[in-house]
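First subunit A sits with subunit B, and in the next complex the same chain sits with subunit C.
== the complex of A and B ==
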């Protein structure tokens, strides 16, 4: 019985992860493209730096807090959305960059 | 008799400043015009790693311009050695003349502009004065250190990008006053004459108290040595 439950849980986890979508956010011209995103909890967001200089992406949202650190030109970083809610993502280097994420 | 003397003194003084202006114009035309342009707007066709700033909207006053022309921008903290030192090219009288010309011709209201912009900023409430260092340190580390570095020397992580497209200032060496630094942080470099917007304006993100706190932190940490 215990083994069956374990197998079931693992299968559910795999299924959930297989259903999770990845959303690409490009950082180009000191702008997040797109600048608004609707995602599901468990989805991932890939930040790609298409500018010829460094970027960053972070949020201070308590439930989804992340900071990808310095992102060199051409680099990609992936983060996982952990909780439902709306939060802002900013670049610590370029204050006019703003991404609004709605997680359902 | 007194009136005649006064008139003579006035004529002499006017002619002295005309001479200074003329000498400055001559030097500017010989030397500076190729980068900063006839009208001081730096609209020239030459290729630069860091394009010269517009002298019409520069934040610098006459004395600061003199110091930059004399020692070059690298001496005052610029990572790019584009604006060279002219102290081995011109004597002090000539350096004074060209900075006089630049200020009078292109940017006669530089000081007034700084005063007017600063007057628009919010005063810091008394109860927040003691918190400025902590607030400034937090924001400096979060945002400014990427370019200016944790030690303020302009060697932050973002400067290590292989493209090397940014040249932040060493904040321990800048000749900007505290008020000028605040206004530079608030409005960004482009507002004050730079071609690129590498030093962005932070007014969308932070209020005046926060930006003044950052300047307070810079002053306390990197400039009081």
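== the complex of A and C ==
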């Protein structure tokens, strides 16, 4: 019984993971492209730095808090959306950069 | 209202003559204003009185203007506020200029608040500045009938009852009108080719090119609002100034400070957040040639690399920076205050 339950849970996790989408957000010209994003809980967001200098992406939203740290030119970092809600993502270096994320 | 804000008709009428690539250097025609504190002549005038009124400090000798004076480039022209703050208290940082703060979305050197309304009350309460607790100041202001009347006119919903919120809004309204005037560079950007010297024109090209100044000092305010550790004396070099890292211990904020405007930069020496740089020549060298130290400063900005600027390069960039100086904005400094 225990084995069946474990297998079922793993299968469900794989299925959920397979359904999760990845959303690309480019950091280019000191702007997040796109500026706004609607995602599902469990989806991932890949932050790509297309500028020739360092960037960052973070949110202080309690349920989805993340900070990718100093991101070098050309680098990519992926984060997972953990909870539903609307939150803002900023670049810690360039606070004029703003991304609004709506997670459903 | 546009005239009240000091916006020149010249700027408005000739902006259309600027080529597309030069338009980004011209000041927007309107100052950003929050929906709950739109500019009115009554609010601006009230804010101006409060800005210059020394009764807002516990000693009765210090006003906002003491450290941010219009005749001193909207700063105090000393490295830090030694002997200017309350009873000679020493401020830890160079007094930031008020000019064009309306266009910034982070205030103070460490960007700890977003709006001018949030900023306005901080220095009043700070013990090294005006050292006036708001729970003392507000009752004091509410006893001044002249101020009650002016608040009632500026903010009718206040009914003349002064609160922290209305005080902050009034001061912020005045600060929002402190904007740069038309400098020789603006005339050049609008198509007047003779407005800049040959040296300044070459300096502008270096500014955008070899020197990479534009990487941070971008746009009409010559600041993109970004935060950097430029490798002065902070962090690993034994300094105590950790900048934005003190707001929140985020790795990217270790020893970083806000990129200041370069508008009217000739009027506000000494420079940098610690006031340690005396001249524009030195500032250009420090920023353009990799910081003051060769040491491995923790979290030093990747922009701070040696651009191999020659003395001639620095001289030309300095010429260009001087072209960002406009005439002082028209302002009648109050000498009489509400009673």
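Quick note on the criterion: the second predicted complex is superposed on the first by the 104 of 104 C-alpha atoms of A that agree within 3 Å, B and C clash if a C-alpha of one lies under 4 Å from a C-alpha of the other, contacts with A are read in each partner's own complex, and residues count from 1 in each chain.
The criterion applied here is as follows: contacts are C-beta pairs under 8 Å (C-beta built on N, C-alpha and C of every residue); 3 or more make two chains touch, one makes a residue touch a chain.
A quick note: this is a predicted structure, and the numbers were derived from the prediction, not measured.
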Practice problem: Would you check which partner chain A:70 touches, where first means subunit B only, second means subunit C only, and both and neither mean what they say? | Solution: both
Quiz item: A:40 contacts which: subunit B (first), subunit C (second), both, neither?
Solution: neither
Quiz item: So, A:96: does it touch subunit B (first), subunit C (second), both, or neither?
Solution: both
Quiz item: Which partner does A:54 contact after superposing on A: first (subunit B), second (subunit C), both, neither?
Solution: both
Exercise. Give one of first, second, both or neither to describe whether A:21 is in contact with subunit B, with subunit C, with both, or with none.
Key: neither
Quiz item: Where does A:83 make contact in the superposed view: on subunit B (first), on subunit C (second), on both, or on neither?
Solution: neither
Self-check item: Interface residues of subunit A shared between complexes with subunit B and subunit C
Solution: 53-54, 56, 70, 72, 92-96
Exercise. Can you check the complex and tell me which residues of subunit B touch subunit A?
Key: 142-143, 146-147, 157-158, 161-163, 165-166, 200-202, 204-206
Quiz prompt | Contacting residues of subunit A [partner subunit B, same complex] | solution = 52-54, 56, 70, 72-73, 90, 92-96
Quiz item: What residues of subunit C sit close enough to touch subunit A in their complex?
Solution: 105-106, 111, 215, 224-228, 250-253, 256, 299, 301-303
Self-check item: subunit C contact footprint on subunit A (complex, rising order)
Solution: 30, 53-54, 56, 58, 67, 69-70, 72, 92-96
